[in-house]
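Letters are used for the chains, namely A, B and C, taken in the order the chains are written, and counting of residues starts over at 1 for each.
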Amino acid sequence: MLSQQLFNALVLGSVYALFALGFTLTFGVLRVINLLYGFYVAAGAFAALVGVQNLGLGLWAAGAFGVVVAGLVAVVCDFLLLTPLRRAKAPELSSLIVTLGGVLLMNSVMQIVFGAEVRRFPARLLSQDALSVGPLLVAPLQLVIIATVFGLVALLFWFMERTRLGTAIRAVAERPDTAALMGVNVGLVVGGVSFLSAALSATAGILIGLNFNAVQPYMGESMMLRGFAIIIVGGLGDIRGALVAGLALGFLEVMTAGYVSSNLKEAVAFAALILGLWLRPNGLFGRASGKRA
Amino acid sequence: MMAALDDLLWSYQSLIYGLGTNAILGLSMYAVLQLGQLSLGQAAFMGIGAYAGTLLTLKLGLPFPLVLAASALVPAVVALVIGLPTMKLSGVHLAIATIGLGEVLRVAYINTEFLGGALGLSGIPGKSNFWIIFGLLAVVLAGFILASRSKIGRACEAIREDEDAARVMGIDVTAYKMTALVISAALAGLAGALNAHFSSFIGPNEFAFETAVSILSFAILGGVTTPFGPVLGAFVLTALPEVLRPLHDFRLVFNGLIIVLVVIFLPRGILGFRIRRTGG
Amino acid sequence: MLKVEALTRAFTGLVAVDAVSFEVAPNTIHALIGPNGAGKTTLFNMISGLLAPSNGAIAFKGGDVTHAPSHVRARLGLGRTFQNLRVFGEMTVLENVLTGMHPRLGAAWPLSVLRSPAARVEEKAGQAKALALLDKVGIADHAGRPAADLAYGDQRRLEIARALASDPALLLLDEPAAGMNPTETAALGDLLQDLRREGLTILLVEHDMGFVMRLSDRLTVLNFGRKIAEGGPDAIRKDATVIEAYLGTKVARKLAAAS
């Protein structure tokens, strides 16, 4: 019934919002559209899977493992792909193109290494008993997801406002040259942002992987395409917009799947994307920019 | 001699035809990229042309030239309709919107029985042949070369370098961009129909993200300063996996790697020279 | 020639241009001056169509162009150079000027693409005219070089030649003398006077006061987005509000006390 669907929407939407947040972080600070971001969804999920199946880790440990692995992979990839472009002061679209190639490369490698079939997390990880909370049936996993997302978002805000690295990141986001002059180690900040945003992406991937109990090499791709819709509708680089749009998309998808047709679920994101571009190209909370006559 | 050539053509038919249609796709990418527009809708338009052409052949039995004309026209009209709102978008928004288009269509194809659903359409008669494909390629290439060397080519280069400065010089940038988009869509649709009529089968997954990126890789490898660039890029990237057998399974890996390496080390592509025109 | 009425441009939190009105008479050199940040380039961007006004109207040659796209204004005869040099670096110097000539190359595009005799004649004529323009600004020797290879001062001159290529009626020059030494500035001044003699109207933004005072027929002074004074060079030179805007109140008072 409706309240159940709304709850499901909250769960899905919060993962989407988390995913969009990490992407917004990358774009807002580094000013690049990094399409590899979607890859880290799969990277994190597979790493967590390996953690559980091959390393015998528990749920939380495997999750942390997956996140850290993805973060490290991101630092390496970003260093190899994006740093040369930054040094050459290449135009913005070059980073889009190079990461486009990168994601094709990494996804294919992933498929070759892990095979294309869908993997599942072992059943023992997930307690199957649903709790009754008022009129809702709530799976422990769903609570885990919501708690994780809200916790991470709060942690992220605390980190950005209260720690030195966080402040350095915000400085670099606003004025990289000035920040460098003030002694901020820009290389460290860039690496930190790469790690952080990939960690968010990987977390989203692990949570989605657990939620639908499906992990496959191209899972990042469908997330990424949803991510596009979210950040475009929410506004490029706009954190509030990303959170709101993420939740909204989760809501739209669950409602469409529940009340219209589950086949059209995927089309919702792209329809939203196209409508968003058409009606509000500057995002939900649109920022005034110099428009031509 | 002719018999040997015939044999060669027969066994490698698919590959050779593929070289031609991919070259046309490369030029479709060139049309927009030479204005500095990263429109990645070629795969989507290719799909529209392929489906339109296939339906006209299978359901209505129309003669091939008519089918080809329609398969160029339909995507062009679609481009006209969706193109206008996107004109105000910056490069990044355009890239994302056009990738999104391909995905929307893919879902639409899968969910439409009339279009064969997830299984696609099969039994397409082999109406494409060497002369049609390469003849069209030659005409299109010649058109691009001539345009590049004229004041139109000059205007395109100006737009690519600095849109606002071009505007202030009296160049109707929006008209150029729209025209480029429509031409790109028409060419992609044409390639899609030509392709369908020697592949005997088309499915919804052939016209999405990976294809869009592959087409981009043709243009990136070859460079977009001259129309020959994307054609060469298409030839190389289509032929190489066939010539180097071990590479075949790694085709996507290879494409991705090519894009990465070329963007970083050879930003202007293999053929990085500028086209010669009056005053140039 | 040009009439700007109550033109306003607001960004979130800042009004860059505040209800500015002025007129540029035909065949004159009119200067826009004011301290940094006074809104001069924003005004230029609105007049050339690259920025939409929040309010107000712009009339060119008697017709309203407030919402006309830039390329239409160019075709009507409005030319412009940029403060931060925007030549087409990868094209040759000659090609840059030919690009500027675009609105006057009337051959229909199919004829141009197919290189019909008419189109070829037009191109040849265009080339000759472009070379003449390059000669006029003094860089004809560099015609075949990529524009990005030129020295700074020569690139400035290229921008002017390019803007002149379309036979404009009004030329907007955004800091044309920036970064030039006295000899170059003097040459530029001579060039602008020649152009005026030939019938051109010029609206320029400049910081070089000597240059501007010697050259201009009329000046409009902006500060914080508003017009604070307008008149001939002598009147402006002595205007108290102008002095205050540039030098600050203390200095203005001292000057007033001393005179």
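Quick notes on this structure:
Note that in this section a residue touches a chain if its C-beta (ideal position, glycine included) is under 8 Å from a C-beta of that chain, and two chains touch if they have at least 3 such contacts.
Not measured: the values here are computed from a predicted model.
The chains in contact with chain A as well as with chain C are B. The chain closest to the protein's centre is B, with centres computed as averages of CA atoms.
Distance between Cα centroids is largest for the pairing of chain C with A. Distance from the chain A centre to the chain C centre is 48 Å, each centre being the mean of its Cα atoms.
Once the centre of each chain is set as its mean CA position, chain A and chain B turn out to be 31 Å apart.
In whole angstrom, the spacing between the mean C-alpha positions of chain B and chain C is 42. Residue positions 291 of chain A each touch two or more of the other chains.
Contact of a single residue of chain C with at least two other chains is seen at positions 49-50, 69-70. Of all the residues in chain B, the ones that touch chain C in their complex are 143, 146-147, 149-152, 154-155, 157-158, 161-162, 164-174, 274, 277-280.
Contact residues on chain B toward chain A in their complex (touch as defined above): 36, 38, 82, 85-86, 88-89, 91-93, 95-97, 99-101, 103-104, 107-108, 110-111, 209-210, 213, 216-217, 220, 249-250, 252-253, 255-260, 263-264, 267. Within the complex formed with chain B, the residues of chain C that make contact are 48-50, 69-71, 74-75, 79-80, 82, 86-92, 94-95, 98-100, 102-103, 105, 107, 109, 112-115, 119, 123, 127, 130, 143, 162, 166. Here chain A touches chain B in the complex through residues 33, 81, 84-85, 88, 90, 92-94, 96-98, 100-109, 112, 221, 225, 228-229, 232, 236, 263-264, 266-267, 270-271, 273-274, 277-278, 281, 291, going by the rule given at the top.
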